[in-house]
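Here's the structure we're looking at; comments come further down.
Chain IDs A, B, C, D, E and F follow the sequence of writing; residue 1 opens each chain.
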Amino acid sequence: MATVVRNTPRTDLEVVDGLAHAGVATVHEAQGRTGLLRSDIRPIFRPARVAGNALTCEVAPGDNWTIHVSVEQARPGDILVVTPTSPCDDGYVGDLLAESLRAHGVRGVVIDAGVRDVASLTEMGFPVWSKAISAQGTVKETPGNVQTPIICGGVHIRPGDVVVADDDGVVIVRREQAARVLEAALAREANEAAKRKRLADGELGLDIYAMRGRLVDKGLRYVDYTDAP
Amino acid sequence: MATVVRNTPRTDLEVVDGLAHAGVATVHEAQGRTGLLRSDIRPIFRPARVAGNALTCEVAPGDNWTIHVSVEQARPGDILVVTPTSPCDDGYVGDLLAESLRAHGVRGVVIDAGVRDVASLTEMGFPVWSKAISAQGTVKETPGNVQTPIICGGVHIRPGDVVVADDDGVVIVRREQAARVLEAALAREANEAAKRKRLADGELGLDIYAMRGRLVDKGLRYVDYTDAP
Amino acid sequence: MATVVRNTPRTDLEVVDGLAHAGVATVHEAQGRTGLLRSDIRPIFRPARVAGNALTCEVAPGDNWTIHVSVEQARPGDILVVTPTSPCDDGYVGDLLAESLRAHGVRGVVIDAGVRDVASLTEMGFPVWSKAISAQGTVKETPGNVQTPIICGGVHIRPGDVVVADDDGVVIVRREQAARVLEAALAREANEAAKRKRLADGELGLDIYAMRGRLVDKGLRYVDYTDAP
Amino acid sequence: MATVVRNTPRTDLEVVDGLAHAGVATVHEAQGRTGLLRSDIRPIFRPARVAGNALTCEVAPGDNWTIHVSVEQARPGDILVVTPTSPCDDGYVGDLLAESLRAHGVRGVVIDAGVRDVASLTEMGFPVWSKAISAQGTVKETPGNVQTPIICGGVHIRPGDVVVADDDGVVIVRREQAARVLEAALAREANEAAKRKRLADGELGLDIYAMRGRLVDKGLRYVDYTDAP
Amino acid sequence: MATVVRNTPRTDLEVVDGLAHAGVATVHEAQGRTGLLRSDIRPIFRPARVAGNALTCEVAPGDNWTIHVSVEQARPGDILVVTPTSPCDDGYVGDLLAESLRAHGVRGVVIDAGVRDVASLTEMGFPVWSKAISAQGTVKETPGNVQTPIICGGVHIRPGDVVVADDDGVVIVRREQAARVLEAALAREANEAAKRKRLADGELGLDIYAMRGRLVDKGLRYVDYTDAP
Amino acid sequence: MATVVRNTPRTDLEVVDGLAHAGVATVHEAQGRTGLLRSDIRPIFRPARVAGNALTCEVAPGDNWTIHVSVEQARPGDILVVTPTSPCDDGYVGDLLAESLRAHGVRGVVIDAGVRDVASLTEMGFPVWSKAISAQGTVKETPGNVQTPIICGGVHIRPGDVVVADDDGVVIVRREQAARVLEAALAREANEAAKRKRLADGELGLDIYAMRGRLVDKGLRYVDYTDAP
């Protein structure tokens, strides 16, 4: 029951690019600490930072046929998000597919599986976040789904949700919330810049955040080393 | 029953160097998607690309004595391939052994265990593919085997089989098949260059590989987002 | 029963800096192959090499409150060592906390959990050794312990023990033994330099270390390939 | 923004019980090989087989407060499904909570984290599928969500979706599809019984499923051992 | 520098047996949620419940010689606790060693490595908690330490500390605190029995523990499914 | 290039059955501590003990077609050994295939992947050693190899090599060495029975194996607790 869904919604690229600038940690906090993919999905080179509209792709284990199908659905500003129907580390994407994706405006790949040709991808500057690096080749026997909702890295992702990826990992923002999350992220950034200045000057977080009273209430006590049990 | 086998066969270095140039992914495909080591065996620095004749070495867990024995069997163009008799992450190889191996013409190390002094090895430009980086020292109590067939990273390797290693991992080519695989790899490279050009120009893999008919036969269907279930 | 211990002992920074120069592998050997943290605790950038007095911190899973408490106890030359009371990969430390730690003289962080803002930490040149990189945020609800003995990466660490960390991982030196271990490390370094020269000249470890007799005693035998079973 | 959703839909228990009888493997196949949780979520005792309406619960790492909240929302025939907001192996559920859940009609627990008191739970015959067994206690500081959609074991689960769990693992059936999937499962069971009889009599799957022609088309060839390469 | 320490202190067996009766989860809670070994150290058969004085043993990877040394130091009521100096899954203990240990009054084994002959050990009713089951044999080349402080499963253990082990895992009680922890455990058990009765009668934890007010303070809100976002 | 090799050699079943009786640990020792599969390949029920001739089968990831092909090659006394060409946890074998295998005399399955219907297989008493239990279904698209040499669980296995499997795991005996290994195993068993008696009577391994002198030579020293550092 392999399905390609066409004409899916996408998030405005101005919002997408704003989220890229904010970065994964800030966006994750700005939307209430949700949407983060498993931490074993890592960039193949660093530094890397990108955001885009999710172009979703569900593949059979060891079978990358559906990725070829997905290229036709790509629009500039997309990020291809691939998940296998059962755990697999094979190298689904290499430099030829990357070349093809880039020609159609795709900005990068997030895959809960493996990738190959990483030296070439690094030279191309085409960023990939993956669970594994593996040269293991794949077959073309079982078509899967394109632009249907998927689970990737433990997160539910729909076409057109925003994928933000950098050296810290990958976070997903629901397309309906993207503009609001961007706003919260910008506010957070402004706030953090001020705090960072005070911390760099040696002020303590204990004082900036007024934590001392609540710490005592929760039972924190101070003892001298010579008196410690 | 520790054994060192002397005067083992080797593959011609011209073939070996051709395979290095082709790289792991291409060689793996050219020989029918076989011979790839487990993907958790990774290079300690990148980029790195090398090929050589397997100088095999089977060691006891936590015991690197046999690696000292193996150096004497090394010939220029070899790659040392080490496997412990039971799983172990200790740092079997450091910069002194690397210096010694290099003095005898060894081009690199592949080890299903740990390595140490990686900062120094990186400075030396001596490439190592390992399962772990660990400073854990080893003893010299139990001799093992040199130049016998071993399993490393899940692959059966004999002395003189060709080890090809790059950023994508490590693949083994049987010495009897090395010349034939090189030929297939070169053909594949030529073919890929042409395809890469077409893909970079925006042509779809669906069309280049004429996949559309077979995809429909296998049940792929296209629906519009507004009609999707 | 959260406790902060004040006025804990520290190791002289001259000894600490000597140990940093020797590096993890040499220090580990110099103290009898002890004190090494689990090898999955890795630097977020390479190369990196640092040593410092352990500023210990035990935190609840998903809760970084105690790290804020720990900053007040920091002294120049410290390395913050963090361990959760149960396994956790969350990003306990980011660039704001790093800025604050650095302002108080802390040289780096070792954490048996996750870290975030790694692009920013890399730009800052603030080294961190961690089990994971994860943007996952943490709460501030449960205070833990500062400057009490902890287990981190499988090693028992007390405040003021010396933390030595480089590309090979992290090793701990007891503060009472630090001066003696430094001496042994220096002796080892001198010895290794001489050996390295001989090995680079092609001399075999088998001969330098006079291993041949003992190998035969332990049953090692040499056979020719054509006679091998 | 912790939320408890009340009066969520549930699937008819007659359908639920039919799916329990069919079992995980059959249900998984009957709905097109979807909905299976990660295979590291295992039963604490075997044999065990149960189905129920998902009572979903999202918890902070190391914090089981929300599970207490969830009990009030339980209805007879439910299965509690728990997921932490970041990976955690702590023992969220023990025999007291199990007693409470059972008193409110809950048939079992599926948790992408740890469980404790397993000897007592085994005596009670209260089935739990978990990622870990751990006595590690949890705090009650951060409320989470009850009866909101969650990801557990890599699968998207909504309140009232059907949870089917047995020795093979756990599969989820969407509540809208439950009746249809049950029908397909029953058909499959009938078909399998007939096939099993033929296979037990020695008939080959190659013949029953008429595979020989297609295997040859795909390149399968038969050689004699003495002629094998 | 292998050392055997003789005449180490032990905890009174009456206290030890009381702790066994309380079990791992209760003891862990009674001492403030500390002392629990990593959850991947599991019993080889279930149910199993035992407590004893730690007879500590530190071994080289793949080398069980020191376990033979440890038997001589055993006293009735001991539990042998074994840790390798670097990670190893080999089968250090089999039925012969178990027979020998039992003859000297040892009640069981906790090992951060592997065990073998588990069918025979199960028949003997000799309980073992281990990280792996593996037939892999070990050598006798490198002596280690007996009755020195060790780290096992991430916990610091000294000779004569109490080891409590059951189906939930393993917890360590400091010998100086054993009597006090037993008292706290007994109090906890009494309290739990009363609570369990109320929970079994359907009373909610929310009410028994008076959680509702604090949950509201922390932001928990209730919404109806038809109003949910 | 999928190949089925017919008329492969097999080991005499009298030898095979003798090896089954000796068990995995004894056979592993009797052949010099070789041939053991990775320890994460575990029996689905315990106790289980069996031996047979390897019927080898190499499959594509997520594709069990070749297992159907293998049944036709089965002979009474075989054990099916399955390995995927890249890592995969899917449930390749269920009760229908088991029924078919049993009808053709196959005694069990060893698979470096997943199995399903384990409740039913347990009832049948059909033993399986696998890396995972998973209901995940597989496709029938890519034929693989039957009765060719394979790597399974890190061991090189040829058709007709002897597979010995019990609660400790799985070990392989080369068919050419099977008779000799059986003899060595029987000798070992006799020897162990005598030793076990002496150990059960309280005699120390230190004395039985005359270890004391060599331990002192290797530096073991005894100190009293009150004198320990």
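Definition applied: a residue touches a chain if its C-beta (ideal position, glycine included) is under 8 Å from a C-beta of that chain, and two chains touch if they have at least 3 such contacts.
Remember, it's a predicted structure, so these values are computed and weren't measured experimentally.
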Partner chains shared by chain B and chain F (touch criterion as defined above): A, E
Over-half contact-pair match to E-F, picked out of the listed pairs D-E, B-F or C-D: D-E
Pair joined by more contacting C-beta pairs (A-F or C-E): A-F
Centre-of-Cα separation between chain F and chain D, whole angstrom: 30
Averaged-CA centre spacing for the pair chain E and chain B, given as whole angstrom: 42
Residues of chain A touching at least two other chains: 1, 33, 36, 85-87, 89, 134, 136, 141-142
Chain contact topology (line, ring, star, complete or other): other
Those chain pairs that satisfy the touch definition: A-B, A-C, A-D, A-F, B-C, B-E, B-F, C-D, C-E, D-E, D-F, E-F
Residues on chain A engaged by chain C in the complex (per definition of touch): 23-25, 28-29, 33, 36, 39, 42, 46-47, 49, 166-169, 171, 192, 195-196, 199-202, 204-206, 209, 211, 215, 218-226, 228
Residues of chain B touching chain E in the complex: 60-63, 85-90, 134, 136, 139, 141-142
Residue ranges of chain F in contact with chain B within the complex: 1, 32-34, 36, 38, 85-87, 149, 151, 154-156
For the chain F and chain D complex, residues of the former touching the latter: 1-9, 65, 68-69, 71-72, 89, 91, 94-97, 99-100, 102-104, 114, 116-119, 122, 132-137, 140-143, 147-148, 159
